[in-house]
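In order of appearance the chains are A, B, C and D, and numbering begins at 1 in each one.
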Amino acid sequence: MSAEAAVQEHAHGHGHEPDLMHQFDTMEQQNDAYMTGMWTFLVTEIMFFGGLFCAYLVYRYSYPTIFFDAHKHLSIRMGGLNTFILLTSSFSMALAVRAAQLKSRKGQLIWLAVTVLFAFGFLVVKYFEYSAKFEHHLVPGPYFNYEPTTSLVNNPHFNGIVSQIPGAQLQQWAQMFFVLYFCMTGLHGIHVIIGIIVISILWWMVYKGHPATRYFMPIEMTGLYWHFVDIVWIFLYPLFYLIPH
Amino acid sequence: MSEEHGTHATHEHPATSVFTFFKVYIALLLLLLATIWVQYQNFGGLANPIAMAIAVIKMGLVMAIFMGVRFGSKLMKLWAFVGFFFLLILFGTLIDYSSREWMYFHGWSQ
Amino acid sequence: MPGPISMPEQASTFANAMDPLFWVLVALTVFFTVIVGIMIFAFGIRYRRGSKASRKNPVHHNLFVEVVWTGIPLLMSLVVFVWASEVYAFSRRMPKDALQVYVVGKQWMWHIQHANGIRENDELHVPVGKAVNLTFISQDVIHDFFVPAFRIHTDVIPGHYTNAWFEATKVGVYDLFCGQYCGTQHSEMIGKVYVMEPAAYQAWLASGGDKQVTKRQSIAESGEEIFNRFQCVQCHGFAPARAPSLVDLHNTPVRLEDGRAVLADDNYLRESIIDPPKKVVEGYQPVMASYQNSLSEDQVLQLVAFIKSLRSGNKAVAPAEGNRQEGKQQ
Amino acid sequence: MSATGYSAKEGKKNYLNNGTSIRSWLTTLDHKRIAILYMVGVMVFFAIGALGATMIRLELIRNDGFILEHDTYNRMFSMHGIVMVFFVIIPSIPAILGNFCIPLMIGAKDVAFPRLNLLSWYMYITGGILAAIAIFSGGVDTGWTFYTPYSSQFSNSNVSLALFAAFFAGFSSIFTGLNFIVTIHKMRAPGLTWFRLPLFIWAQYATSIIMVLATPVIAITLMCIVVERTLGLGIFDPTKGGDPVLMQHMFWFYSHPAVYIMIVPSMGVISEVVSCFSRRKIFGYPFIAFSSLAIAVFGFVVWGHHMFLTGQSAYLGYIFSILSFMVAIPSAVKVFNWAATMYKGHIWFTAPMLFALGFIGLFVVGGLTGLFLSSMGTDLHLHDTYFVVAHFHYVMVGGSIMGFLAGIHFWWPKIFGRMYPENWAKTAAILVFLGFNLTFFPQFILGYQGMPRRYHYYSAQYLPLNVLSSAGASVLAVGYIIPLFYLIWSLKYGRRVTSNPWRAVGLEWMTSSPPPTENFDHKPVVTWEAYDYHYSEIDDLPEEPESMMYLPEDEDAHTHDKPEAAVGGEV
């Protein structure tokens, strides 16, 4: 549905306008159609993530204390760094789209490269975060073993006793937090990876001067997709890393 | 053709200046700092709404400027709205969980 | 045996409340089906191709008729809604002085416990003319307790209690079905409900529910035994400062540590035993361990029954001295 | 306006004989060919689903489970439900008739994204193959509702595979919906304003909105169950702090709107057929148009009426209950407007019209019995009994499938350029109607008497009505098999039709039958309102309409292209 599709469609274009596909009458109609299609696609993506957000809401509502405690096992700094990285890549993506608008090949190459670079940066940070979870037995599954944080233990309400809770509950609810964490950031991560692939292909095509890149839509649509990925993270960050008590 | 054609297609709108993008980018970073700062303050029950409000503002900025919604057709704006509206309906599920306990005070059982 | 088209036995107060609504809906259905049918047949015949009927002054829209055929169904459905909600509310208002019966659903049987400790499988004996409260829990998947003659139907869910009540109005034997698909033998997860004359019921009770049980104790007594065996007394028995007193707890509001107030109903009690940290009583520390893995659902039900039996007037079982208010001070 | 402007030059290149190799079909980007690919797929799955129905009804002839084991029976109805819902009824009208007709009806050359269209067919087929593997390598026994924790923790059948199958089918339908939304917005012919659109388009538009907004939610829900099954993480598992009821919320958030994915396109077909064969402008056009949208939007806020007994909050229950009543109102508006359309018409009882009238009758009964279920008082008794089974077969089989048959018969001459034998078709319509009522009406009574669904051992008191129902099913089966034969027969032997055999209005009738690959020889410009049936023209209708329907026989003999060969090669 994104750059690639558009490129392949191009091969079939004929008639006066080289980029115009046969089912459309004008370039304007075609562009409009692509934009509407992309936005519709983003709306389905919203609902796709929405299911998990809904589950998150329900369980955070049910287990507020444990979610609060469990979130301390996530590093605000790493998450913040990743937010910064994604915001930056969004910014550079916007510039890449702008360069395409101004038909600047060099601009596109630079800004797309920056975007991909930051996207990789995001994955690297995520990799460190995930592996830290493995080390601390915070990956849901048989080896899951949750230690309440000292802040929970030191909380005036819970002073010195939390460690005595053998509570299977504590484990379960904390595990629920991490299940949601891995599902949601994992799904987001998959989107990042798809984004990297698409943007890299786009970069390559611009680099090679592929005729399809004359056409503005592929990069515009990739841009929309990438901003969407950014927006999802904008919400994931406070929901997982910044739970206030 | 269709009435949406009257409005601007995205590629026709004037290219947003680098400076505007940069301003938005800086604003986003400031908001990021703000949301972290809020986390360390003691806002009690307000902390959550504030964090979410900041996220919504960030989203709004990204959508309006980076994604070009402000130049987009009405249809595009409608779509952006519809997506979130139906998301809210889905979140209505939470009402089930939050209102189950009301029943007890009416002498009902669930 | 009822014939093929006979209506199901009407054997509970709720059945009496529901059936009129059902028949009104039937009437509504017939009414609209007939109207639409008449329109189709009448127009179809009168205006069939080639017929000589006049087609002068055709209309293609008419706001008035649109409003009429939007408004009338709307009004009718509002009436039905209000009535149906009333009927539903009836089914949710648990009578206070009801017999209490606990039902555990598991693949693929019904395990039923009476307050006095009688246990039955796939059978339920109740007296006629007396309200019965049912509390359900499932040990595995979702089941559904369905007695067509009483028109009661309630999902039996793993993880939390659901309730229903009925008051049988006719002596007889009625079908009990599992109404929610639960796997291989779902269609055999069936049983019988025996509605008995009060005297016969008493006799049945006295004979220990037909089944010979050597030592029988009431469900609350079993609960007390567990209460002692699992050392609940340690905290809840003698040191009200350590843990809240459980006397008079059932059906009173409890203020929680996070400021909320909840009613201590069955589900709350179960939760307090299974998931103590989920709702911590104000002024206490969440020191109580979870008993989820050490207690079966049956045992939890017995504990709940025991805690419900703890009334300050009731001298027989009162593990904690003093009333709740004192206990809460710290 | 008249249809003659685009009178067909029969025998010229059309989309069917434009390439006959299998490859030309499997890589086609032509919406009309993709529609036919879907048709083949849906027919195959209908046969599989119908096999399930056959086994169910056979088994229920006796109450002691005399043919099937427990597990086999459970697999039968699960297979029947999953296949019928995800692989037959949801793609049926949108992906076949919608795909074929939407571009024709709006005067476009194709849908907006032909490649995406083909991709969604491949998604559908991938899902279908996964489902077939799941079914034939051991089966699925969760019911089509996949309730946890049974589906996630307890069932040891091929649940994950079936979940993936439904996932793919879901994405197929998302892509179809997306395509239609863009097509309807952006590809309309000049002059074709929203209020000149045929109501079928409005219906498809409303349906597409549901597809796009609701389907992703079930996709993610199904994936959560897969994760739960394969990785042992408990999102809905009560022993791991999860809530099985949450899964039901998320499931029905899709699956209730999905029932409108099934019925709304059917309603669109009925609007076309009823006005065409009443030779009458449809009554209350804007009301029918907006009621489709109203159903689509309101349909999103009633999902909880499937969960009245799950311990869902009673307050939310009330909200869902009253909203369910509200969502019935737009359906009522449609029904009355259709009936009013017949008033002062010239009603021509063709086979599509008979199916359409059957639709109206059965849908009214099915819809009104939905009210029994949406009122909380009665649902307490009727939930998950055969009353529910009867309700949804009335709306799904009596409604959607009847509408689908009406549409197939209506557009068949357009799709293949040949006519089926009308008398056989009328016989089939009547058989389906009678057989249907015989099969499913007894189930209402069974349900009220308390027979739970998904039971294959049942108490003897329910025996007579079950036998009756099974007997009805055999009549119904005959009613379904007859069309199968004469429709296939007509591909080769049916009489060739003119471009507009029914003398219907609408752009799709202004191009030849079958249409050329590019749909129209000249880009149409629309200057007239929808359903502009002129009485004068009606009076032109000859006593024997045959003359205007068929091409002269001799011309038929001269043509060399054989569209059926292409289709035959495909099947």
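Note that a contact is a pair of C-beta atoms (placed from the backbone, for glycine too) under 8 Å apart; a residue touches a chain by one contact, two chains touch by 3 or more.
Note that the structure is a prediction, hence the values are computed from the model and not measured.
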Report the chain whose CA-based centre is farthest from the CA-based centre of chain B.
C
Which chain wins if you rank chains by how close their C-alpha centre is to the centre of all protein C-alpha atoms?
D
Quick one: chain B and chain C, Cα centre-to-centre, how many Å?
41
Distance between chain A and chain D based on Cα centroids, please, to the nearest Å.
36
Separation of chain A from chain C, taking each centre as the mean of its C-alpha atoms, in whole Å:
44
For the pair chain A and chain B, the C-alpha centroid-to-centroid distance in angstrom is 16
Hey, what residues on chain D touch two or more of the other chains?
185-187, 213, 217, 239, 243, 245-246, 249-250, 311, 314
Taking each residue of chain B in turn, which ones touch at least two of the other chains?
1, 4, 75, 82-83, 86, 90, 93, 97, 103, 108, 110
Among all residues of chain C, which ones touch two or more of the remaining chains?
89, 92, 162
Hey, which residues of chain B end up touching chain A in the complex?
1, 4-5, 9-11, 15-16, 18, 21-22, 24-25, 28-29, 32, 35-36, 38-39, 43, 47-48, 51-52, 54-55, 58-59, 62-63, 65-67, 72-73, 75-76, 79-80, 82-84, 86-87, 90-91, 93-94, 97-98
Residue numbers on chain A that touch chain B, as the complex places them
25, 28-29, 31-32, 35-36, 39-40, 42-43, 46-47, 50-51, 53-54, 57-58, 61-62, 76, 80, 83-84, 87-88, 90-91, 93-95, 98, 101-102, 216-217, 220, 223-224, 227-228, 230-231, 234-235, 237-238, 242, 244-245
Please give the residue numbers of chain D that touch chain B in the complex, ascending.
185-190, 193, 213, 217, 245-246, 249-250, 253, 300-301, 304, 311-316, 319
Would you tell me which residues of chain A are touching chain D in their complex?
1, 5, 8-9, 12, 22-25, 29, 32-33, 36-37, 40-41, 43-45, 47-52, 54-55, 58-59, 62-63, 140-142, 169, 172-173, 175-176, 179-180, 183
Contact residues on chain D for chain C in the complex?
65, 70-71, 74, 141-143, 145, 147, 149-150, 153-155, 238-239, 243-245, 278-287, 309-311, 314, 317-318, 321-322, 325-326, 328-329, 332-333, 335-337, 339-340, 342-349, 357, 360-361, 364-365, 368-369, 371-372, 375-378, 380-381, 383-385, 445, 448-450, 452-461, 463-465, 468, 535, 541, 543
